[in-house]
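Structures for review follow.
Next come two complexes built around chain A: one with chain B, the other with chain C.
What follows is the complex of A and B.
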């Protein structure tokens, strides 16, 4: 489009300025938090404000892991492990279960198909906060409060509908002739799936998995009510530990924020191409 | 029955069985429990009250409470303002980036930046930036000589609401920008050229060709956003937790306060149902627009 439009130089500069300003607004807040994580506390609190750090430090990270004598450590390492275990397990199960569901919707005609699909999607619209109320009551009676399994189950239920939606789209894009040809050549439907359709859908499945992982990794509303102690508390819930006191530990919180953002950053970077393709094609051509 | 399960017609149902089981156990059954509780005087501190039937009293009390209506109105207003602002800014950003010929990929990566942030992190980030003593915003305004006294962004009711909307828009404008950019890139070139040859001005081209083509993309973005609009709870929880004096209270924060802090689970679940219906209403509205737009496009092709 841009090749055809004839822009005057001032228009071109205006566009560049607009893009520059927007990108600055998108980047600066996050970058400022990351920078804070590596700054000394005196500098963060300094009046007048110190804009250019004199010295960068890893003290804040050592502090939140309890490696310094001066600061009381929080069980951040344990929170990290909890988050990882809960997110990975719920993702693996949700992908397996969701893939089966997505395949069923993409390849079969059956009674109640539309209603079932709608049901799955509607289950996704229930706000986490609202769902946390009855889950809190039920999980307390079942002894699932403050357990990793309790959280894994909850995150599975959030991720399954979304995985079904995405994989349904991916399987639809694969021509059905391919698996039919394999079946004519003597494969069973099961073999045809694993040898033909699964390898073709693998990239899509990987991005669905990263989506699911990030949803669990970043979730707060449910985790904040259903976890209590180091037994199952996740990183986003742990972040609130810093605000329980009268003074907010900005440096410590920023360090923890960096720990939460790094895995998300890496994974989103890997998946970014599929992210857009998956969302638009799943939606427009579905 | 066993014969049915071995027949080929059963395959899709068997494939869907685990998914159905999980949704039943973790979403549907809890929702029924929630519905039941909303008709009881259940108080967390008195377990026996779970079976104390009070009929519609919770709903009556919720609907008669001015706190609830303030929170409800504020939530609807918040969703409406946030979604529309995100759409406008996202569309603007997509149109701008689409005009840039080099480095578009890098720009797209930068646009994804806010999407990686957990809502609780976005909340923390803006709680820090808008902090009156150490925040970036006040520091910058102060050093530029624009203010002499620190502005209490998160304490003043109007500014606190502004800060929350700002955080929400920062977090989600990218969703629109990225999807609409994908739409712009898929836009066929011929109609654009034809229109220009016929003497249409840029606004007419945008209004009659680009925008109609983008509509399905807009509705996808709107549907995705209304699905997870309640994520704003995390953000508000850490930024103001409904304060000052309840001036940023949304339905979601009011609900958790009633349920967990005041232990009035019955009341909280009644509010929960209102919030669920609200979310479903927004999602269904945009989803129907999407299917309409899709059939329209399908017919044109």
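What follows is the complex of A and C.
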């Protein structure tokens, strides 16, 4: 693209306009949620819609934490802890197991390797919701309904195949000579992995980790089936607390959505550099 | 003492055998070069010595230890890879000291030895750079430095110069030779370049298709090639090889030219042979390398002349094939010009046509 030269200013402006329009379309729903979270209920429900907020407020946030007299609070803190425990645990396990799996696929030759890899990829083609009924029956028999462990198991099994696929690509990019050189330099195979191959694959592992974390953090469909109470309900499921039989508390829901977005956003910013390197790296692999 | 001894070493991948029972003795401090075309098993053999490939059969010993079952780290070897295999996330200093750090040498000792290696190879200005910020020649030097800091029993080189351009390759070749003179160690060096083999080796091992074709000093393999393959592989331009039949104790070429055979050639009347002679033994009168005692003259038309400065390579037809001659102290030669060539009879090679083996004592 850098070879393309734009000579006329109006062409440049046309491109900027195009970018602006498409970005607007992308950003508006998110921005609307954030705006709604800081608005008064009257303004939110006004018809015709009020596009520019007249007054911003923190009342919606105070409301969901039960800081206002008019409204009962929700166990947001408990939901947050559940989400965090489930997401972090399933991500850590998925990365640990997936990294080992990816390394094995990249470095070792074993029987049925191709079929196994294909199997992992095929498991990704099944939509999560399709699993909800069988999972529900299975989890009910195992007594895993409404437990954090139940959710951790589900997210692990979703994330491990993906992590294997991603890290396999990363390890493949690292020349095998490096591990061999390290072994000749006195390392065991294990040391060679930790001192040479692991540091070089860090970018890939970081992006795999954020993908796994966001998958677990944002997942709604399965969690809504398999969780019941504050014992295991995650933040996205908690959003449904704002719907009653005839009304929806859009203000509260939006405030909670903002609370869900913030950690994901912070995490993404932290690993952004790795993420870009990771995505392009994976792209090269094809 | 770190001699390396290979006894009936075999390598199989599944059912396919790629190295067929190699025997080789490398003496203490000897520089041995394994050379051959790609796929001849030379790298596989080296990797078996290194411990990076399992040995399917036979034994490999370093010193008086059989190392078959030992992992690379326990063999006290170091290796320079074709790709250099420098650790991209470590500086030159860290790359050099990595092996010593793994061995838990004291910090002061590491610093001392790393600095020594850097001094030998002229790496001081680059010590804090990452490999990505080095040129090909510098990376090559770091790879060699990483190999020497550990004071190994045996140095292994796997085509270390093949990624460099021609000029740098020549420089590094000299540096490797100098390094070996300075750091006396046993060396096994793999290359497909016969010039590297000739210039570096104490002894050359010529391999083809998983077999050893000949082992000898550079002079031996050049002057007394064991078979037509070695004859064609060593020397540049390659030896001319012409089919001939033994008639009246002479070799008769397909175009009727008769060449007297050396006295020690064990041939029988009517035998099909290959007559070999190097381009430097086939020169226009007055332009030959050796003032030959015995020679035959043939007048031939020059088809192509390649002037190289100190010599000119001449292409002419002999025995129904195109042969190359070397004209020393050259004068300008035009294609189509008829020249009187002399064929030096004291430097003839005679091979059996069927087996390719030499027929000279």
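One rule holds in what follows: the second predicted complex is superposed on the first by the 250 of 286 C-alpha atoms of A that agree within 3 Å, B and C clash if a C-alpha of one lies under 4 Å from a C-alpha of the other, contacts with A are read in each partner's own complex, and residues count from 1 in each chain.
The working rule: a contact is a pair of C-beta atoms (placed from the backbone, for glycine too) under 8 Å apart; a residue touches a chain by one contact, two chains touch by 3 or more.
Keep in mind that this is a model prediction, so the values were computed, not measured.
*Asks:* Consider chain A as the common anchor and indicate whether chain B and chain C clash or fit when overlaid.
*Replies:* Once both complexes are aligned on chain A, chain B and chain C fit side by side.
*Asks:* In the overlay, answer first, second, both or neither for which of chain B and chain C A:29 touches.
*Replies:* Once the two structures are laid over each other on A, A:29 reaches chain B alone.
*Asks:* Touching A:115 in the superposition: chain B (first), chain C (second), both, neither?
*Replies:* Touch partners of A:115: none, neither chain B nor chain C.
*Asks:* Once the shared chain is lined up, is A:196 touching chain B (first), chain C (second), both, or neither of them?
*Replies:* The answer is second: A:196 touches chain C but not chain B.
*Asks:* Output check: A:52 vs chain B and chain C. Expected answer is one of first, second, both, neither. What do you get?
*Replies:* So A:52 meets neither chain B nor chain C here.
*Asks:* Using the touch criterion from the header, give the chain among chain B and chain C with more contacted residues in chain A.
*Replies:* Between chain B and chain C, B touches the greater number of residues in chain A.
*Asks:* In the superposed arrangement, which partner chain does A:184 touch: chain B (first), chain C (second), both, or neither?
*Replies:* Only chain C; A:184 stays clear of chain B.
*Asks:* Which partner does A:157 contact after superposing on A: first (chain B), second (chain C), both, neither?
*Replies:* first
*Asks:* Taking C-alpha centres, what angle do chain B and chain C open up at chain A, rounded to the nearest 10 degrees?
*Replies:* With chain A as the vertex, chain B and chain C sit 90 degrees apart.
*Asks:* For the combined overlay, can you note the least CA distance between chain B and chain C, rounded to whole Å?
*Replies:* Closest C-alpha pair between chain B and chain C: 11 Å.
*Asks:* Mind sorting out which residues of chain A both chain B and chain C touch, each in its own complex?
*Replies:* No residue of chain A touches both chain B and chain C.
*Asks:* In their shared complex, at which residues does chain B touch chain A?
*Replies:* Touch list, chain B to chain A: 9, 11-13, 15-16, 18-20, 22-23, 25-31, 33-34, 37, 42, 50, 92-93, 96-101, 107-121, 124-129, 131, 133-134, 136, 139-140, 142-143, 170, 174, 178-179, 182-184, 186-187, 189, 192-193, 196, 202, 216-217, 220, 223-224, 226-227, 229-231, 233-234, 237-238, 252, 255-256, 259-260, 265, 268-269, 272-273, 275-276, 279-280, 283, 287, 290, 294, 297.
*Asks:* How about chain A: which of its residues touch chain C in the complex?
*Replies:* Those residues of chain A that touch chain C are 175, 177-178, 180-189, 191, 195-196, 199-200.
*Asks:* Residues of chain C touching chain A in their complex?
*Replies:* 50-52, 71-73, 77-79, 81, 83, 85-89, 98-99, 102-103, 146, 150
*Asks:* So in the complex, which bits of chain A are touching chain B?
*Replies:* 1-5, 7, 15-16, 18-19, 22-23, 25-30, 32-33, 36, 44-45, 48-49, 51, 97-98, 100-101, 103-105, 108, 110, 113, 116, 119-138, 153-154, 156-157, 160-161, 164, 214, 217-221, 224-225, 236, 239-240, 243, 248, 250, 253-254, 257, 260-261, 264-265, 268-269, 272, 275-277, 279-280, 283-284, 286
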